[in-house]
Every structure is written in structure tokens, then in C-alpha cells.
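In what follows, subunit A forms one complex with subunit B and a second complex with subunit C.
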Partner chain A sequence: MTLAATVGNLAAHTTTTTTTAAESQGFLSPTGVEIAFLLVGLVTFGAAVVTVTTRQLVHAALWLVVALGGLAVEYLLLTAEFIAWVQVLIYVGSVVVLLLFGLMLTKAPIGRSPDADSGNRWAALTVAGAAAAALVWVVVDAFRTTWIDLDGPAAGSTEATGASLFQNWVLPFEALSVLLLAALVGAIVLSRKAKADAARTAPTAGAERDTRAALAERDTRSDAEGAR
Partner chain B sequence: MNDALDVTLRLLIVFAVFLTFPLIVGQTEHKVMAHMQGRLGPMYAGGFHGWAQLVADGVKFAQKEDVVPAGADRRIFQLAPAVALLPYLLVLVAIPIGPGEGAVGQVVDAGIFFVLAVMGVGVLGSLMAGWASANKFSLLGGLRTAAQLLAYELPMLLTAASVAMAAGTVSLVGILDAFEWWWLPWQIVGAIVFFVAGLAELQRPPFDMPVADSEIIFGAYTEYTGLRFALFLLAEYAGIIVLCGLTTVLFLGGWHGPWGADGLGWVWTLLKTAVLAFVVIWLRVTYPRLREDQLQKLSWTLLVPLSLAQIALTGIVKVVIQ
Partner chain C sequence: MHLAYPAVLSALLFCTGLYGVLARRNAILVLMSVELMLNAVNLNLVAFDVWLSKAAEETLHSGQALTLFTIAIAAAEIGIGLAIVLAVYRNRGTSDIDKLRDTAEGHEPDGPDTDAPATGPAAEKAEATA
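Up next is the complex of A and B:
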């Protein structure tokens, strides 16, 4: 949700700022791409809101698919093709599948879950609002006058992304891989310990911990994939 | 040619392929299975060796009542077959069958990622079906589907990454342009791992634990009838086409062949795809179903290490020949 808002705001903002390169572009000049961008942004935002407000757990996961897919379309419209497909591969194809897997293990009921609510609602809303504000502020501040030339060579093509990743961002990239590797090893250690404990504890507890370890492992792995 | 007309024509051709090829594979499966088991298979529909059997099946499916269980989550239950089927249609658009840009529905810059990403979405259909049916067998099927996908997507991605490293590009067209014949022995381990993992992702025997008809009654599809069930079947066969086409493009050189690469490249692609589809059917008839623990073990202890070894080999050879 925050990302959608961010991207939406970014688009609105960049269209208002005039640069020398973009003098002809007025506020929301109705080119097809911009209209599509706004519409997809609205859909993404709506899906994200439904994701956090619906009382039906599995529906929330499926609305999340719509929101993440919408984000991928936004990336496509911004010519970042590689990021868009990785977004689908990791988030829709892996993370949501994992979510659904977890939900199925919990016997999520069909229909409303009356207890799908939290007393922390306002705290969560505050944190989410603050995070969104910070992100929007940072991104808008950073890209204030940047204008993506949609007709020129794609700025987000696989080649451009790879070149900038491995020329300018190698160190963070490697640091991130080490972090993910540590998480992976940690997940394996956790799951092995669960196996040793299984004889003493109830079988359900062992299974639950296995799932959690698998979950962590899956997450790490898909992130590593994404990074690659 | 006019741009709009060109695009329309390409999409129509892809759609026609999407509608006919799975049926051809299905009919081949009927016949090949029958002959491997010492019987004839369908012989009456259409007259000549039962060629119209699947058309008759389609008519039968269309006539059946479309039942939604009372306890089911109606909308998700009804949406699931479409979610399972459409991704394969999208993937077909990006698979090149001949040399040049004319022989592919749409050139996708990050082709491998597009194809694998969209294929992964198809599994959501099975999960939705498994959960929304309000049936314990379906739920078990859905669980097994998810577990299987989690285990087998990793080796698939790793081996695809190996090919991308070898070719120096992630575009399917680019990979075919860079292909040399000696890639075949170089990438053979990756090819086998990719193909096996793809079979598992399609839930084809011997990896059909999630649909195991003799124990959990077709798993996620237990409650489906008529056309919606037919759509799931169609998705399976379209999946076979896509998997075999992808293996052909990534590992077997696609339109490259000993001769005739100029005009007849597409024949090579189709031939290789057909042979692989035959292997898929062959495996179904020959191998017993793997147990869930065997499934997981095969992936995590055999396929993942093999694909990592393939990546290492690819890297070493790549550095040496430069």
C-alpha cells in the first residue's frame, strides 16, 4: 500500500515539476501511458486497502496478488521491465504462494473470520502512515526533477539494471547476499533443532516450527533470487 | 504490414496454437498410453483411430451441469480455472519458434524472467481451487501443490540462470541466437533438472502427488465439473506444451538443427517439442507416483545441488573460453 502511494505520488509530483527536458509536459498531460499509470495506480491502491481491511483471510491474500501485480504493471509502464518480472516472480509466484500455504495449514475458514482484527489497529495505522510519509518524502525529494523518457532507450532494461547493479552497487549487493545466506543457514539450524525436539514436544509444535523455518528459508531464497 | 494488423495476426496465431496443440498432446497421450499398455485406445469417435475423441470429450464436458458446492467460496471457486489457464497463454506469446523476430509472438527483453514468473502464477489457480472448494481432499491437494511448487521452483530458476549465464542474455531470442551445438553436452545436467522440475511444477506423473486420483480424488479439482474441470485439464496440457517448448528453447537449441535452419527452423522447434512431449507421456506410463517425502527429498537433496553444480560448471567454462 505504501509503495503504491509512493509511486502514485511520485508520478503526480514529477508531472507537476517542470524541467528543461520536460517543458512540454504539463500537469497530467493526457498521454496514454500517464492515464494508464494513474488508473493502474488507483486499482493497486484499492486492492491494497481491501487487503488490509477485509475480514476474509484468503481473500486478503488474493487481493494482495492484485496489488502486487498492479505494482508490476506500474514498473512496466516506467520501462523497468526486469524489475516488473522479478516482482511477479518473487512476490506473486513465491511469497503469496507461501502465504496461502501458511493459511491452509491454519484451517482458515471460508467466509469471515470474526477474530481477524487486532487491538493494535491504530498503532499499526500510525506506523504505516509514518512509513508512507517518510518514503514519499524521500523519493519525491530524490527524484524531484527526473523525467523518464519513454520513447528513448529503456532506462530500466535488464542490461541497464545489471550494469548499474554490478558497477555501482556491488558492495551493498554482496553485503545483502551475505545477510541472506546467514538467514538461510539460520533457518536450516532452526529446522534441524525442531527435528531433535520433536520426540519430546507435541507433534503439532514440531510441524509448526518446520513450517516457520521453511517459510523463512523460502523467503530468503526468493530474495536471493530477486537480487540475482 | 500494418502494425495493428501484424499484432492481431500474431495474437490470433498464438491463440490458435494454444487451442489446438494441447488437444494434439492429449490425443497423443491417449494413443501412446494405450499402445504402451497393450491396448488400442479410443477407436470410434471421428472414424479414423478415434481422432475426434477429445472433441467429443469437450462436447461432453460442455453439456455437464456446472456445480458449485454449497459450502464453497463461490467467486474464488469459479475464478480458479481461469487463473490456472491464462498464464500459459501468456507464456506462449514469448516463445520463439524460428530464427529472426518474425517467428515469435512478442520479443520480451527479460524473456526467461517473464516466462518463469508468469508460469508461477498459474499455480495460484490450483491453490484457489483447493481452498475454495470447502473439501478436505481439495485442501490436501492445495497444500501438496504449494509444497511442491516451493520445492521445485528453485532448481528450475537456477538451471535457467545457468543458460542465461552461458548465453550472456536473459532474452529467449538472444539465447537462441547465441546457441552453439556444444552447449548440449555442456548444459545437459541443467536440461534434465529443468525438465524434471518443470514436470513437478505441472504436477504430471510421477510428481502427481497433489492430484493423486486414487488417494485424494484429484486433489484441488475434486469438486469441479463440466467446463471448469475441462479448463484445468486444458491448463495441464498447455503446461506440457509450454514446458517442452521452453526446454527446447533453453537447452536444445530451438530452431537450430543439422540442416535447414533458414527456412525450416520452426520444424526443428516443433519436432523437439513433440519429442519432449512424448517423453512426458512416456514417464507417466512408466513411473509410479512418488511419495510426498520422496518428492521433497528429490528436489532438495538432488536437484538443487545438481543445478548449483551446473551453475558452477557454466561459470568455469565461461571464464575459460573467454
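Up next is the complex of A and C:
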């Protein structure tokens, strides 16, 4: 059983005394899943805020791990197990590592860097605040009376996700593999040295030298064999 | 679960990422903020897919499939983005996006016809690495 299902069972046991049907749910009687979602959501949001405001670059990447892991827990609470583990594997496992390597390769300063934020910080804060206010208002107003039914079989179990992915979404899936291949080739092309000629001649010369040395060694060895 | 909880969290995370994209100066921090925005969209997709898979008769699980596609595309995007940032860093000696103003209009020190980078250390670095 999933984490969300167990939490849901727990909540169902605690709330059966007060609520019996789905219609009587409300803001003032949050279920256990909602409380867990709220707490993990607060942690996630706090980590995201620290990620975009801290002045230590490596700490930003590490707080991003907390934010993305919190989102994985939210997926688990929403009974989307497969997405949750994919999130942990790809984001926490590889994207953050890539970002840390990028910070390392661009010689990011360790410790506080005073110029992490640019001059348009207050404009950015205004835009983000306005967008947040508008989005939250619209979303809350639109979905005030909508509840997700988390009981029953999990909506995002590996079986359900795999069945829908390979029954209905095969063509986009294959196109995605082509896109990943293109991205791989593009990353290789972008990260090669600009002067490819100078870089190309040197290793081939070395390789020629190596093959010549190997040939000479083989000749001497065959000579020794013949002499014996 | 009330649908407003994941929707509000997703909106807040998206706006946090928006602030980061607009306010950060290091290109890698901007990429981190873009990741936050993409994750906010993923949370929205998953929440609405779970809602619709119980509310609708037939479902294609399109929200979760799209989430997987978004995750894969985000991984490709971060790879390409980091390759671009590293190439810029190798050529200019900086990953500070406020200093990369070659295509900005009305910016005097490096006009469109001077191909050498404007600032002294960056120029030296470019010559050293080229």
C-alpha cells in the first residue's frame, strides 16, 4: 500500500465520526492527507524561496534538492507513485548533480557572493508577487468546490502509468527518444572546443606515433621469434 | 483532498521560479529557477490528472504522460542549457547574464561591429582560451 493510501486510511478512521460522505468535506475539517500535503508543501515552498534568494550558490543547489524532494512526496500523497520515483531519479539524482557540476566548472565562488542578485530585484519581486496574487486568486476561486477522490486504486501506479503510456502515448514516447538523442548530440557539439582543427591534429599525431611504436615493437618481437 | 491545495502550491512555486528567473544574475541560478517553474507545472498536471481519472469515465492519463514528457524535456533542456553556459563561460570568462549584452540595443561599449568583447579581463580570457 502506498504512503498516501495509509495516510488516507488513517484520516478516514479519524474522520468517520464527523464526516460520512464526500459532500460534507470542507476547509474547516481537513483530512490527514490534506494536513500532510500542507506541511510538506510549506517545506517545499520555503526551500524554493531559499533557493531563489540565498547568496551562496552551492547552497541554492542543495536547497533545490529539498524542494524537488518535497515535490516527490507531494506526488506520493497524490497517489502518483511512478512520477514520484521518476522525479527522485531524474531531478534529485541527475539534474541537481549536473547543476553542481556546472557551478564547479564555471568556478562559482564558495561562500557568499554579493552579486548573486541583479539590479532589477524589486521589479522581479513586484512581477512575481502580482503573478502569485492573480494566480492564487483565480485558482482558489475556480476550484473552491472541487475535491480529489484519493480512495480506491492509485491513479498513478506503475501499472496504470505504463499501460496508458504504451497504449495511448507510444508515438510521443518514441518522438521523445529522438528528441533526447538530438539533445545529446547538441550538447556534445556545443561543448567541443571552438578550434577543432588544432585539437584534432594533436591526438591523431599521438595516435600515429602510438601505432608506429606498436608496429616497431611487434617487428622486434617477431624478429626475436625468428631468431629463436 | 481539496483541489485548491496542489493548485495553490503549484502557483506559488511557479511564481518563486519566476522571481528567480528575473532576479538572479548567475546563469546557472536562472536554470535552477527554470527547473522550479517546470516542477510547478508538473505538480499541476499530476493533481488534475488524479482528479480527472476519478471524475471521468475513461481517461488517457494524459496528465501523467505529459508529466513524464515534461521531465524528459527538462532533462534535455538542462543539458543543453549547461552546455551553452559552459561555452559562454569558456569564451567570455563569465556566466553573469547582466554582462552578456552584445545583442542589447543602445548599449555603447561593444557595438555590433566590434567583434572583440568589451571588458578587459573578459577579452584576455577569450584570447587565452580561444
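Keep in mind that, in the parts below, the second predicted complex is superposed on the first by the 132 of 228 C-alpha atoms of A that agree within 3 Å, B and C clash if a C-alpha of one lies under 4 Å from a C-alpha of the other, contacts with A are read in each partner's own complex, and residues count from 1 in each chain.
By definition in this document, contacts are C-beta pairs under 8 Å (C-beta built on N, C-alpha and C of every residue); 3 or more make two chains touch, one makes a residue touch a chain.
Here the structure is a predicted model, which means the values were calculated and not measured.
Identify the partner contact of A:L171: answer first if only subunit B is touched, second if only subunit C is, both if each is, neither if none is.
So A:L171 meets neither subunit B nor subunit C here.
Scan A:V58 for contacts with subunit B and subunit C and give back first, second, both or neither.
After superposition on chain A, A:V58 lies in contact with subunit B alone.
Thinking of the overlay built on chain A, is A:D149 touched by subunit B (first), by subunit C (second), by both, or by neither?
second
Kindly classify A:L98 by the partners it touches after superposition: subunit B alone (first), subunit C alone (second), both, or neither?
In the superposed model, A:L98 contacts both subunit B and subunit C.
Can A:F82 be said to touch subunit B (first), subunit C (second), both, or neither?
Both subunit B and subunit C are touched by A:F82.
Is A:D115 touching the first partner subunit B, the second partner subunit C, both, or neither of them?
So A:D115 only meets subunit C here.
Is subunit A touched at more residues by subunit B or by subunit C?
Here the partner covering more residues of subunit A is C.
Between subunit B (first) and subunit C (second), which does A:E74 come into contact with in this model arrangement: first, second, both, or neither?
Once the two structures are laid over each other on A, A:E74 reaches subunit C alone.
Now for A:T44: first (subunit B), second (subunit C), both, or neither, which partner does it touch?
second
Please indicate which partner A:V139 is in contact with in the superposed arrangement: first for subunit B, second for subunit C, both, or neither.
Second partner only.
So which bits of subunit A does subunit B touch that subunit C touches too?
82, 86, 94, 98, 101, 103, 105, 108
What residues on subunit A touch subunit B, complex-wise?
Counting only subunit A, the residues touching subunit B are 58-59, 62, 65, 81-82, 85-86, 88-89, 92-94, 96-98, 100-101, 103-105, 108, 110-111, 154, 157-158, 214, 218, 221, 225, 228.
Quick check: in the complex, which residue numbers of subunit A touch subunit C?
Spelled out, the residues of subunit A in touch with subunit C are 25, 27, 30-31, 33-34, 37-38, 41, 44-45, 48-49, 51-52, 57, 60-61, 64, 67-68, 71, 74-75, 77-80, 82-83, 86-87, 90-91, 94-95, 98-99, 101-103, 105-106, 108, 113, 115-121, 123-125, 127-129, 131-132, 135-136, 139-140, 143-144, 146-150, 152, 155-156, 160-161, 164-165, 168-169, 172, 176, 179-180, 183-184, 186-187, 190-191, 194-195.
Across the complex, what residues on subunit C touch subunit A?
Those residues of subunit C that touch subunit A are 1-9, 11-20, 22-29, 31-33, 35-36, 39, 42-43, 46-47, 49-51, 53-55, 59-62, 64-65, 67-69, 71-80, 82-87, 89-91, 95-98, 130.
Residue numbers of subunit B touching subunit A in their complex, please.
Where subunit B meets subunit A, its residues are 71-73, 76, 108-110, 113-114, 116-118, 120-121, 123-124, 127-128, 130-132, 134, 139, 142-143, 146-147, 149-150, 153-154, 157, 161, 170-171.
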